[in-house]
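The structure appears right after this line, and notes come after that.
The first chain written gets the first letter, and so on, giving A, B, C and D; residue counts start at 1 in each chain.
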Amino acid sequence: MNFASDNAAGASEKVMAAVLAANAGAAMPYGADPWTAAAEKALCEIFERDCAAFLLPTGTAANALALASLAPPWGAVFCHHDAHVMDDECGAPEFFTAGAKLIGLEGDAGKIAPGDFARALRAFPRGVVKQAQPAALSLTQATESGTLYSIAEISEFSELARAAGVGVHMDGARFANALVSLGASPAEMTWKAGVDILSLGASKNGTLACEAVIFFDRARAADFAFRRKRAGHTLSKGRYLGAQMTAWLDGGHWLDLARAANESAARLDSGLAALPGVRLPWGCEANEVFVIVPRVVEAALKAAGATYYDWGGRGLAPRDYLRPGEVFLRLVASFATTRAEVDQVLGVARAALAGP
Amino acid sequence: MNFASDNAAGASEKVMAAVLAANAGAAMPYGADPWTAAAEKALCEIFERDCAAFLLPTGTAANALALASLAPPWGAVFCHHDAHVMDDECGAPEFFTAGAKLIGLEGDAGKIAPGDFARALRAFPRGVVKQAQPAALSLTQATESGTLYSIAEISEFSELARAAGVGVHMDGARFANALVSLGASPAEMTWKAGVDILSLGASKNGTLACEAVIFFDRARAADFAFRRKRAGHTLSKGRYLGAQMTAWLDGGHWLDLARAANESAARLDSGLAALPGVRLPWGCEANEVFVIVPRVVEAALKAAGATYYDWGGRGLAPRDYLRPGEVFLRLVASFATTRAEVDQVLGVARAALAGP
Amino acid sequence: MNFASDNAAGASEKVMAAVLAANAGAAMPYGADPWTAAAEKALCEIFERDCAAFLLPTGTAANALALASLAPPWGAVFCHHDAHVMDDECGAPEFFTAGAKLIGLEGDAGKIAPGDFARALRAFPRGVVKQAQPAALSLTQATESGTLYSIAEISEFSELARAAGVGVHMDGARFANALVSLGASPAEMTWKAGVDILSLGASKNGTLACEAVIFFDRARAADFAFRRKRAGHTLSKGRYLGAQMTAWLDGGHWLDLARAANESAARLDSGLAALPGVRLPWGCEANEVFVIVPRVVEAALKAAGATYYDWGGRGLAPRDYLRPGEVFLRLVASFATTRAEVDQVLGVARAALAGP
Amino acid sequence: MNFASDNAAGASEKVMAAVLAANAGAAMPYGADPWTAAAEKALCEIFERDCAAFLLPTGTAANALALASLAPPWGAVFCHHDAHVMDDECGAPEFFTAGAKLIGLEGDAGKIAPGDFARALRAFPRGVVKQAQPAALSLTQATESGTLYSIAEISEFSELARAAGVGVHMDGARFANALVSLGASPAEMTWKAGVDILSLGASKNGTLACEAVIFFDRARAADFAFRRKRAGHTLSKGRYLGAQMTAWLDGGHWLDLARAANESAARLDSGLAALPGVRLPWGCEANEVFVIVPRVVEAALKAAGATYYDWGGRGLAPRDYLRPGEVFLRLVASFATTRAEVDQVLGVARAALAGP
């Protein structure tokens, strides 16, 4: 019953087999291998566009390097107050940008409202030398609260950004989970909606350690190879990144993995929703369930060995604030989550509510 | 006949099997897994000391993070002019240290002379505010020219460094190759000889992507977890790093791999030395062969499909400067290099010299 | 009628005369001159403590260098949301700290509440590697809203900071104005109340360009000379900084200048308070007046040539939010502000309210 | 007899009077004052071009900000090994560029040879990701050895730089001294010879603390205001910088001051050259004299209270290496140096050589 995070799962069998297969013989280092070339080609096809794609091992690096490609040291980067780049990367964006300022915007359920972004842009007027200059918007899809921006919403943000001369970054650590939920194409959820750079996460969804930074406009990527190298993120034996990404994308494998995770989360969500005294502040839209439960349920889950995170009150609107005796949990499903695990959680919760 | 670099080889079967085995089930992320704990324990045992060890995927990151632990932004880092940190990392040390100055010292065969280090220390007197402050010495073992510092030499450098309040870093990208050549223990070649921080490289010697930064004094490691995290080098699924390192160290596997590489290099070296018109500016001391050959030999090797690097004139003392018609090559053997490959190179060279 | 800012005024006659006097003859450069030594000595006497004091030309540099002495690149710096370091220095603190994170706390009238600081500290638990680490608190005295922290309040903040291992910086751009208002001694308002580092501003209060960074614990100052030098803030002809600071401090001149400014502001404040339809959201506590006036008054002031800033709504508590037809102004008095200027503003406002 | 440095002198009377005059009344802060506007206008006229000029208080900041406008964090900046940016600014260029690499080129008498620059460019090929990328050349005029590049030489460097896509910076800390020696116009010695950005130094030649960074192509200056602000180098009361620069330039005052300094140096140089046992490794070309004297002379000068620097052996060609009993001195003349001071030095030296 591991619902702590989707990075607690291993890699899929198919991805693992590809890594094994790529191990044979000699290969050119630093990404000059055929697996990496194949991965780049596959990404261009899947995104229906000639992209500049770069593989690297972590999402933190992908995000920080992408933002450094958009924001100068005196730039302002707008993001949700709870975004991973804001709160979970120990200042990686500040490090890689040489000191840009992250402006955390509030918003229920992990989502920024376009109006709040517009207001924030007005608070950082271009050309006022004493202030940070508007440089980038970072949207997380799916968000840290497991919710989604619709294609229309992404487009609305992009138009505001474009009008202000601000680049759009998408933190897609859970991009595939969002994609299968929205039923959109990769192109629709990114460049067709105005996204300039995507951090495409594969690590949480079936690979060992593999992410891609994708520039939909090659011109913006001119410096990336230098940035990645000097950050130590150009892997010596690039073949393993290439092999992971190629196998992950091949034949829609990435979407199958995401779909499995989302289905587990949906089953968990609807099962919990049916229980008395359990509140869901927002619906499950990808592979994460956020649920308010009585403490007795939480105690029973812990006793049964389930893992998850106590989410404090992050993302809750006032109408959903915790009442005495309640606790707010995040449960994340991965491709490896089984129906049995989901049902076990539901069973434990039901029993706890039924009392002794 | 791939002698371009030891990073052109894949991972050993044993390491690969360990990665596969570690893939099963859920595991805590970010290095809180049992494989990582086992690797840290093994490193402490092998180095006969309570160390703080950190796993990460690249040698560039290992070096740059280690140097950032020793040098403030206004620090001077002394190293050989041809060192990897100086010339092959696109400024990673400057990035991670927030601007420290690398002082490249000349020296034949890739080695700094202690007297030159002492002179350099005098050129950066402590407390002279307009100048960089002496902060770190970085020794590469084996060096970029494939040569070795003896234990006595390392100790001599460390004493000079200690007296000047300067920390000692060892870039051990080919640490195991050096170790088996010297017949020293890991402790003897590091902390017993005064080394403060070691970048222990496994990637070039049988793993997929795995390095360790080892602090022999835990106090110096206080900030490392933050530095690694904000650099994006704390892998989400740390288990794979832990599994690689554990298997690599287990039962002396790392030394066996290095020994195999060194033996191939030695066979290549002595074979080349026996050929007329071929000059070896210095002996092969680990797994790299540096050789001056007539152009006809180089042409024949290339025609036969061998890969290697034209090394320009790096490291050559004046007495060994290239004469007309000569070219200076680097050939690197890895654990995967076969006797047949070595003999093929020798055969091609011999035939080329014999003429048509 | 220049009430735009106190940096619109020139230097006092006494300070100017000192600069002129210091111009004669040769002097050692880079602060090794007798004027600088005299200034350092005077600061130690006035602060009743052996301090490490450094002179430099701007408040932005003073603040950013002070914060860099407290916060590592992964540190969190807590300050008011409207603080100068947060909003008016184009990211200087991020630049000098190599990427620390400024956490802007809300609070009416420019003041942080101790409870909010305590809450913020809890949101950045020490040792959680993914988050910025609590490093510094920056209090502005007088605040950006012209209000003051009492000695008791400063002490309360310092105790919270001390308990959390967080250093205390005071941005004293208007330190003298605060001091004469509180009737406290320099020592009482700083180290006796727990302040670790003070940016002492003289530029806004009668000098040409002169600030001091004062460390009340010399140990914290070990790196400062290097930081200042590499930032280009060690003036070649240090004598002029020394001469300004010495003359400014001499015989309580700095306090006389601040007192004059405060008196002008107080006269303006009480004059405005007496006018119908004019609202003062908080009392004038130093040399700045924040006032809500009908638009007709603002138009009349502008027409009469007065300068001031439209302050938007910064610092206003909900009960004071602007009503239709109102505008919120900041008027700053300097040592050079005359009674005539104050009375002219009051006269214009009165006339505008009386109507045609 | 102060010959330690030209920054030991104060400001000229004319400059001082201008500062005093600018003190009256209120003025807009941060460089929006009429004195600053006048200075910018004067610079454009003097350089016969529409330039973007920025005033700031130190040469270190001017150089580092200029280089940061040319070099990205992964850039290589070529300069003489003894250049001020290399050796005397505690790493300011590395700080402001966020980690660029300074490549110090050797060369007698403080001058780089064009061939050595060309060779260095070849050692940093564009597009090789592991290496720093060629970004800027920094020429010091007059050099740290008091010598000059001819207009033809500057042009030759610029052409090499241009062909390699490298920007040209001139460190003109002693620009005026060079200018009057060469008899060139400001335009001829800069943009007409291919210089992109000039650090124009006034501090060493008659001002209190004033430098200008001049962009001959406004497009390159787009970011400068932000860089300067966040470095704390945008002075609050910009009027004093404007007043200094305007008065300094007015009516050729800057050239008169430089001419006076150069004449003193020339008199000293020829006087020393006439003494037996005194060697001049190169001729005095601006306002600095570099001379090899017997120790007895040095002892006598010190005893007489003269100040100067022992210059070690910097810049000496092998043919001029110090012989036993010799010492190499740098004596700098400023606009304030008197004929009496020069003659006193010569008299002391002559007497010392004559013996007791």
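One rule holds for everything that comes next: contacts are C-beta pairs under 8 Å (C-beta built on N, C-alpha and C of every residue); 3 or more make two chains touch, one makes a residue touch a chain.
Computed from a prediction, not measured in an experiment: that's the story for all the values here.
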The pair out of C-D and B-C sharing more C-beta contacts is C-D
Relative to chain A, chain with the most remote C-alpha centre: D
Rounded to the nearest Å, the gap between Cα centres of chain B and chain D is 42
Could you please state the distance in Å, as a whole number, between where the Cα atoms of chain C are centred and where those of chain D are centred? 35
So, in whole Å, the Cα centroid of chain B is separated from that of chain C by 52
Expected list for chain C, residues touching two or more other chains, is 73-74, 89-91, 94-95, 98-99, 129-130, 226, 229-230, 234
In the complex of these two chains, what residues of chain A are touching chain C? 73-74, 87-91, 94-95, 97-102, 129-132
Residue ranges of chain A in contact with chain B within the complex: 2, 4-5, 7-11, 16, 19-20, 22-29, 56-62, 64-65, 89-92, 94-95, 203-204, 208-209, 226, 229-237, 239-240, 307, 336
So in the complex, which bits of chain A are touching chain D? 30, 72-74, 98-99, 129-130, 133, 223, 225-227, 229-230, 234
